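Look at the two complexes coming up: chain A is in both, with chain B in one and chain C in the other.
Up next, the complex of A and B:
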């Protein structure tokens, strides 16, 4: 069932200049419940602008967005409620942190959502514990490391219990171990609780590993939507988007060009190791 | 709302005004501001309006974009108009209980409003058409005669340029912080004035943190590129006047002379 539907969305920053280009140029796509969607594209392709539309922060110049079949631009639509249901973790966590302590900051969204103070703080502590940063609860968020700030910013959104979690480059600033832990966490949220995940990334190997759908943007337009194994192995799409193929896709192409039979739908790390072992 | 502030922002366009030497634009802005404050009658205001319209047309920056900056000035404008209308003594033309509108008050209010609006638009055109680095170069070169009095012109110009450059950056940061907080349920439009003011407090903390971090980073970057205030630096692109710059100076001279002449035209502005 579709949770988010984007129809013919158009948006440009400089509305005063007719010759200025659209940052989002006639984009349409559909996201189903429990989808794990990666948005990829070179810098300036409109990825961050697009996700700022999904929870109603930006109002499109034309086009519609439907959240659970309701047009978010209709007059009777409750945008504040949408923002609780559709949590966005921004690229720079420091913009999201503003309270004196980590726990105050995490509790902000829960309090705004209407939870009592005790409930909000209990839930915030639970979330901090889930992310393994409960020891930071009384720290000031501004003194934390980049990775810790990112986790606190995530906790602040996660505490609102959203149906959709949107991340703008969630792995930036995370060390490799934290990155794997983080992706495993959101994957488990996706599998156990059915949380829909939408995230922007430049790390295409991880897209193969975690996502079930990928949207490729180029100059504000969608040039391809599909399963990662189909999209990321498509040489033309990758060239058009000025992106490098992930290693798994490169291995697939190398081996198939040499006559080996590799299943394109099985490009995750474990799957490709298995395929290679079979070749031997 | 926050993105409506256009002051200090550069708007890239290929126009005559953009191509002028920054010194010419600085002088033009100064002359325009002086003309506003020495204007005594309607002819001077017509001249200033004409000058402003020509500049707006020539700079090719969309008019709606230029006047966007006026929105943030509305409150100040209203206060100025209300105080002048009601508190200036003179011939009463309308009476509302204890308050009365005077003819003189009305004229002063209109004059003040025009001055304030023209002042903001005029100075906005300078920053909209000049990059901060060019503005610094213009200031530095234009005020270089002050070096004789041991005034550190280059440092002052650099400070001004950094301050100007930071305006759009900080505006953008406030916008980002607001959006991040709106995403977590904050509502900056709800409530009365005090509640609205209170909701802005959480914006200030990250903004200050970010501003200090940026200032610190900038200082490190300058030091790592061997910035020192004791050395004379050369320019990659030294400023040189072109024909259009000299023509503009002549136009400016004619303009200010005309403004002075209007001071001797004996017409009672109130009577008009």
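Up next, the complex of A and C:
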């Protein structure tokens, strides 16, 4: 079932300048419940502008967005509720931290959502544990390193238990081990609780590893939507988007050009190891 | 000639409670001894909180040592009369470009650093052109900085640094918001500066594939230098790297998994073609 439907969305920053280009130029797509969607595209292609529309922070110049079949631009739509249901974590979320201790900062959203103090703090502690930073709960967020601050900011969104989690380049600035932990965590939220994940990334090998759908943007337009194994191995799409193929897709093409038969749907790291070992 | 010398560098941070009273201290850097030569390209790796950014800030006297000394071209960062001279020598790009962009138009932002160095306007104009050209963003010269994407802002803040013609460039995760092609392009350009103009480059990154540009790789862990080696040797020390929260790039990681499955590889595979040669 579709949880989010975007129809003919258009948006430009300079509204009074006829010659300025649309940052979002007639974009339409559908996101189903439990989808794990990656949005990719070169810098300036409109990725961040697009996700700022999904919880109603930006209002499109034209077009519609439906959240669970309700138009978010209609007068009777409850935008506050949408923002609890659709949690967005922006680029460098650590600059949004403001409370005196880590746990106060994480509990803030949960308290605003109406949870009792005990419930909010218990839940916040659980989320800190999930992220492996419960030992920092009484520290002031401003003494933490960049990566630690980021995890605190994630915790503040996770704790609200949203139906959709949207991330703008969540792995920028995370070390590789933290990155794997982070993706495994959102994957388990996606699999266990059915949380829909939408995220912007430049790491295309991770898209093959985790996402089930990928949206490719170029100059404000969607140039392709599909399964990562189909989209990321498509030479024309990747060229049009000015993106480098992920390594897994490069290996796929190298092997097929040598006459080997390799299953395009099996391009995750472990599957590639298995295929190469078998071919030998 | 050595241009950076670090002698037994220790940095402690005060941990404060919510009332602002110091409750304890946290050791961010713990006895660093290093020499970095003129013209070297050094890549620094390490997990979040390992001390990388603190180290970078010590180089241009933003953070002063608690113990030990940092000498830049023989000038001690503790000597306040040398601070301006040290900052002329070291150009620094931070993780988040929003912290660094001060003007509303790109060309004004790039000019800001040069204005502080009292450079005449003709030279400024020439250098603005050169640095925009160098980063491939000439078309952004008259753009409004607040309307740029994250990746474009990162390029603008680096252009500002390049225009100051510093002898040492310290780049703290400069490409975290840039797509893979753009990232490669930017590091290629930095490498060219390093080769052609003998600029010393210190690159802090979580993209371990960027180590292939470096002459030397330094790994930080818990405020200490735990590895200091050539890129080739570092990739052969995969299990040691994992201990410090670092993972091998995709191809060396795949090569290592294939070796574990009994496939005979040479051990210096850095691209897809080299890796797939064993199938011939």
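By definition in this document, the second predicted complex is superposed on the first by the 280 of 280 C-alpha atoms of A that agree within 3 Å, B and C clash if a C-alpha of one lies under 4 Å from a C-alpha of the other, contacts with A are read in each partner's own complex, and residues count from 1 in each chain.
One rule holds for everything that comes next: a contact is a pair of C-beta atoms (placed from the backbone, for glycine too) under 8 Å apart; a residue touches a chain by one contact, two chains touch by 3 or more.
All values reported here derive from a predicted model rather than from experimental measurement.
For the composite obtained by superposing both complexes on chain A, the positions of chain B and chain C are in clash. Look at A:145: by the touch rule set out above, it reaches chain C but stays clear of chain B.
Contacts of A:41 after superposition on the shared chain: chain C is touched, whereas chain B is not. In the superposition on chain A, A:173 makes contact with chain C only, while chain B stays out of contact range. Which of chain B and chain C touches more residues of chain A is settled by the count: it is C. In the superposition on chain A, contact of A:17 is made with chain B only, not with chain C. When the two complexes are overlaid on their common chain A, residue A:92 makes contact with chain B and with chain C alike. Within the three-chain superposition, the chain B stretch that clashes with chain C turns out to be 222-230, the only such case among 114-122, 222-230, 240-248 or 258-266. Touching of chain A by both chain B and chain C, each in its own complex, is seen for residues 92, 95.
Residues 13, 15-18, 26, 46-50, 53, 95-96, 98, 147-152, 155, 173, 176-184, 206, 208, 242, 245-247, 250-251, 253-254, 257-258, 261-263, 272-273, 275-276, 278-279 of chain C touch chain A in their complex.
On chain B, the positions that touch chain A within their shared complex are 62, 64-65, 173, 176-177, 179-187, 202-203, 205-206, 209-210.
Contact residues of chain A toward chain C in the complex are 13, 40-45, 47-48, 91-92, 95, 100-101, 139-140, 143-148, 150, 169, 172-180, 202-205, 242-244, 247, 250-251, 254-255, 258, 260, 269, 272-273, 276-277, 279-280. Of all the residues in chain A, the ones that touch chain B in their complex are 14, 16-17, 52, 55, 57, 80, 83-84, 87-88, 90, 92, 94-99, 108-109, 112-113, 142, 156-157, 160.
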